[in-house]
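There are two complexes below, and they share chain A, which is joined by chain B in the first and by chain C in the second.
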Partner chain A sequence: MYHINRSRRHFLQTSGALALGSTLPISLVELAFADEKQNFTFAYISDAHIQQIKGNRFVRNWDRGLIRAVAEANLLTPKPDFVMFGGDLAQLGSAPELDHGAEILSALKYKTRYVMGEHDYYLDLGAYWEKLFGPQYYSFDHKGVHFIVLNSIRTYDDWTYHRWPTAEQRMLEMAGLDNPNSSPFMVGEEQRQWLKKDLAKIPKTTPIVVFSHSPLQKIYKGWNFWTEDAEQIQALLKPFNKVSVIYGHVHQIQYNQIGNISFNSVMATAWPWPYPQAYAQAEQYLPKLTVPMNRSDPFFERDATGWQFINVANGHVDLNYLLPENTDRSVGFDKAAKKPVDAVYQSEGARIPPQSHF
Partner chain B sequence: MKYSYTKKTVLGLAALMVAASVQADEFTKDDLERWQGQFMEVVKQGRELWTSPTLGTNGVACAQCHPNAANTHPETYPKFQKQIGKVIPLWEMINWCLRNPLEGQPLAADDPKMIALQAYVTYERRGVKLEPGKH
Partner chain C sequence: MRLLSVLTLSITALFAQAQTTAAPETNPPAANPLLGLPPVPIPADNPQTPAKIALGDKLFHDARFSIDGTVSCATCHSEKHAFTDGKQFSTGHHGLTGTRNAPTVVNAAFYTSQFWDGREPDLEGQSKQPPVNPVEGGLANHEPILQIVRTDPDYKKAFTEVFGVADAKLTMDHVAKAIASFERSIVSGNSPFDRYYIQGDKRALNAAQVRGFQLFIDQGRCVSCHTIENDQALFTDSKFHNIGIGINAIQGDVPRLASAFLEAKAKGGDVDQIVLTDKKSSELGRFAVTDKMTAIGAFKTPTLRNIDLTAPYMHDGSLKTLKEVVIHYNNGGVTPADAKVNDFLSGGIRPLNLTEAQINDLVEFLKALTSPQFAQTVTAAAQQETGHVSH
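Moving on to the complex of A and B:
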C-alpha cells in the first residue's frame, strides 16, 4: 500500500494553525520507491485565478487563497523537493494579473515550475507568461522520475486565429467555463511530435509523471473537463510501466485509472467547481472510481479549495489533500488493485452525506 | 333601484364578454408559443446577468462558481439554510451571494433582475423533481 507521512499534516495542524489561524486544503504528492531513500515529495498549487478589478485592486478572495497556499507550503517539513503551479494563475491573462500572481508565488522557498492554463494563455497566446516562467512545454528529470509538462489548453487554429475580432474577446470567450462559444482543449500535433521524441530516449521502466492543465481524459466536454486528443496522448504513454497524470482546471478531486495510467486532479486555491453531474442537462463521464470531495459550504470562503502535497512512492503518486473546514483526503496508488484509491472513503459504505452531489 | 343596477351590471358583463370574444379557459397554440417566448426572454436576461461582471462590484460573475447554474439547487428551496439558521427562499440565498462573493448590493424580491436570475437558474434545472427542504 502507499505511504502517507501524517507528520506533515500534524505539523500544519499545530504550528501551521497557530501561524495562519486555520487550515487550507493541501494536496501532497509523494512518489515512493521500494528503497525508501528514493522517495520524495513535492507540493502542487493550482488555479489561483488572480483577478484584477482595476489598477492595484484585485479580488481579495482569490488573492487570499494563493497567499495562504504559499504560506502553508513554506511551513512543510520535511521540505518538498519542488513546487508545481498547475495553471490559471490569472483570470484574464493580463500582465498585471500574471505579475501580481508571480509576486505572491515569489514568496515560495522552493524551486517552482509552471503549467499553462487557458486563463493565462488566450490573451497573448502565452507570450507574457513565457517571459515570466519559461517555455510552455518541457520535461525534466528528478530522482529517477521523468517529468513532462504539456500545454494542454490549446485548441483548433481556426478558433484561436480567425474567429475573434480582438485578443481581449478571445480571452473572455475562453474564460467562461460554460460558454457555448468556447472550444475544446487539445495538446495538438506540434507537442505530440515533441512528446514522442522526448519519450523515445526514456527507458520503459522509468516512472513518468505528466503535468497538464486539463484532464488528459474525457469527462465533460461542456466545461472542458476534456482534452480533444487525450487518446493520442494516452497511446504515447502506454508503453511505460508507471505513468501518472496530474491535472488542474477542474477545481475538485477526481481520480481514475486507464490502463497503465493513473489520473489525479488537484484542487484550486480560488474556488471550487460543481461536479458535472450537478448540471442536470449534461452528458458526462465522471470516473466511477472518483469519490467526490465534500459539497462546498459557500459560507466558508476557503471551503473546498486547497493545494496538494504529493508523495512519489515506488514511482507512483499519492496525493494528500488538506481541506479547510473538511476532513483531509488521501488518494494513493493501491498496488494490489492497480489504481488510485481513497484511504478512507473508497467503499460505498464508507462515504458520507456531503460527498453526494446532485 | 338596486335591482336595476344589478341587471345593468350583468348586461354590461355579457356585452364585455361578447366584445372580447374570448372564454376564460381557452388558449391557442399561438398563445402557448408567446408565453414560452416571454419566459425564455427573461431566462436569456437571467443568463446575461449570471455571466455579467457588473452585477456585483468586483468583476466576479455568478457563473464563475456556478457554471450552467449548477450547485444552486432551486428545486430544494425554500429550505433550512443552516448558516442563516432559518428556512429561506432561493432569492435570499442569491442576495447572500451578491453581498459576499460579488461584493455587491442585494436586490429586492420583485426586482426584474432577481426574477430573471431565478428564471435562468430554474430553467437550467428543468426536468429535476421538486425536493423542498433537501440539503
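Moving on to the complex of A and C:
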C-alpha cells in the first residue's frame, strides 16, 4: 500500500495539475521501479463497442463513452507515454464500426496501440482490423518493461472455419452471452509458439506486462470470462520475476494473483457487466481477491464505466479506479502480501457488500 | 411596499401550508401560494423569525455593501424581474460585468447547493461572496460591511433584537444568516401547473400546455433533470450537467484551461474570483469546484418555476427566449444545430426530434410555471417602466 501511495504521490507531484490525477474516472496503474527515473505512465481505454445502427448512425451512448475517454485522456498531466486500446472497438466487427471507432480514437494526442477483441474479430477474422491497426499479436519494449499483446479471443478452428454458414452469423454467435453455440476463447498453438520464442530473448528479471482482451485466467465460461489455454500461457510466464496481465472484456473491476502473475482488469467505456456471482448460470470462479464494485446509479449513463491511466513505476501494476459519481477505488500490488490489494477494502470485514440489486 | 406584500404573503403561506397539511378542508388549497412546493428546508442553526426576515430584507437592499455604494443584492436580484436583473450578465460596481447570468432568488431556498457551479452549500455561504467579488461588490473584504452594521443605529437595534449581538460579536455570519432567512421567505408555487397537476384542476392549463406537459415528461426528456413528483415539483434535481452551453466556445482549449485552472487553484487562487472574472475558465463549470473531469462544462439544473419571467436563459444568459432553449435541447445540446457536440456532454442530452408544433407546446407549458404573485409584480414593474419611458 505504501508502494501505491508513494507512487501516486509521485504522479501528483509531477502533475502540476494537482487534483487531476485524483479525480479521473480511470484506473491508475503503476509499475514502480527502484530507479524512479524509469517511471512512466500510459493510458488504457477499452471495450467501446461502437455499434452501427444504419448508414452513418451509430449508438450514441457508446460513441459518447469513447469520445469522453479520449477527451479526458488528452487532459492527463503528466502526458502518458502511450495509450493502449484493449479491444472490442466495434460491436459486430464491421468496417463502418471499426472506421468510426478509429476516427474517434484518432483524436488521441498519443501513440496508440491496440488489442483485438472478439467483437472486432469474428466477422472477417481480423482482416480489416489489421489494415487499420497492424498485427494481431506483437511485443514491444518501453523503458525497461517488455510488453506483450496477445489475441486471446481465438477459438477452436472447427468452430471458426467450419461451423457457420456466414461470417455474420459467426460474429453474432460469438457476441452472445450464455450462448450454447458460442465457443471458449483461447490464445492457441500458433501464438503460444510465438510467445515462447519472444520470451526466450528476455532476461527473467525484466518486468513483463501482457495485454489480452480476455482474462488469461478462468472465471466464468458462460460469458467467456475465460481463456481455454490460460494455464499454458501462465506456465510460459512463470519463469519471470514480475508479470502483470491486464485484460478488458469483463467491463468491471477484477484482480487476482496466481503465483508470480498479477491480474488486473480494466473497465469499459460502453457499459458495465454485473459480477458473475450475482448472475451465474454456470460454475464461476470470480477471484477471491476481487472486491466487487458498487454501482452508484445505474440510471447515470456512465455509471461503472471508465478507462485506465497506467503509471509504470518497480515492475508491478497498481491501479486507481476513479469512478464517475462513485467512490474511488485503488488496487495495487502489495509487496508484503505479494498480491494486488484494494487500498480501502482489504480485510473481509472491511469490504463493501457487492450490489446485488437496484 | 410591493415587496412587503410579497413577503407577508410568503410568511403567511408558510404557516398556511402547515395548516393545509393538517386540515385541508378548512384551508382551501387554491389560496395556498406554496401549492406544489415541499416544506422549505430551514437550517437548525438559523430558524426563521419575522424580525430576522425583515432584517435580511433591509440588508438585501443595502447598496452600501459595495465599493462605490451602488450595488446591493437587489441590484441583480430585483423583485421587478422576479429576483433577477433581466440582463445576460449582471452589472457590478463601476459598470463591471461578470460571466454568469443572475439566477432568481425565488425558490433558491430549495437548492442543495448555491451558485451555478454549486460552490457554496447554502444561502448563508452564497450571500457572503458577491460583496467581495472584484466584478460585483468590489470590496476588498467584509470589514466595510461589518463597520456599517455595527454602527448604523437601525442595524444595531435589529441585530441586537434578532441575534443578541453587537460590536465585535456581530460577525459576517450574522449578516449572512439574516440575508439567507430573507431569501428563504422568497418561495412561491401555485402556478397553473400546480393547480393542474397537484390540485387536479383540469382547467388550469390550456390545450397547448397540456400537450407541452406530456412532452415535458416524455419525448422532451425534460423531467429527467427538471424533476416533478406526485405531490410537489421543484423542477430541479440539484445536480450538475454539461448541456452544451458555454463549453462549445472553448472546446479546443479545455486541456490548457483545465490544467491552468487547477494550477491557479492549487496555488491558492479563489474560485469565486476566477470564475467570475475569466470568461473562459468560467465555462469549466462544476469542474472548478470538484476538479472532476465528469464535471467539465457542467452547471446546476435551475428550477423552471417562473422561468417565463427570468429571461435570458442558461448560466451565461446566451439564449434569449424559451423557444431558443427548447431548440437547443432539440438539437441535442448544440446551438446552432450544425455545431460540434462537445466531448463532455452529459449522456442524457440527445436529439429529441421534436416538431415545430411540439417545440411551441413545450414553450407554452413552461409559461404555465409562473406563480401569480410574481406575474403581477413583474407586470406592474414593467408597466411602471414603460410609463417612465413615455414621459
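The rule is simple: the second predicted complex is superposed on the first by the 325 of 358 C-alpha atoms of A that agree within 3 Å, B and C clash if a C-alpha of one lies under 4 Å from a C-alpha of the other, contacts with A are read in each partner's own complex, and residues count from 1 in each chain.
By our rule, contacts are C-beta pairs under 8 Å (C-beta built on N, C-alpha and C of every residue); 3 or more make two chains touch, one makes a residue touch a chain.
Just so we're clear, the structure is a prediction, and the values are computed from it rather than from any experiment.
Looking at the shared chain after the overlay, A:L125 reaches neither chain B nor chain C. When the shared chain is aligned, chain C comes close enough to touch A:R302, but chain B does not. By the touch criterion defined above, A:V344 lies against neither chain B nor chain C after alignment on the C-alpha atoms of chain A.
Of the two partner chains, chain C is the only one that A:P324 touches; chain B does not reach it. In the superposition on chain A, contact is made by A:I53 with chain B only, not with chain C. In the superposed model, A:A71 lies in contact with chain C only, and not with chain B. Of the two partner chains placed by the overlay, chain B and chain C both lie in contact with A:N61. Shared-chain residue A:L236: touches no atom of chain B or chain C.
Across the superposed pair, chain B and chain C both touch chain A at residues 60-61. For chain B in complex with chain A, the touching residues are 51, 58-60, 63-68, 70-71, 73, 83, 96-97, 100-101, 124-128.
Those residues of chain A whose C-beta lies close enough to touch chain B in the complex are 51-53, 59-61, 176-179, 222-223, 271-274, 276, 278-282, 295-299, 357-358.
By the touch criterion given at the top, residues 254-255, 258-259, 262-263, 265-266, 290-294, 343-348, 350 of chain C touch chain A in their complex.
By the touch criterion given at the top, residues 16-20, 22-25, 60-61, 64, 67-68, 70-72, 74-75, 77, 301-302, 324-325 of chain A touch chain C in their complex.
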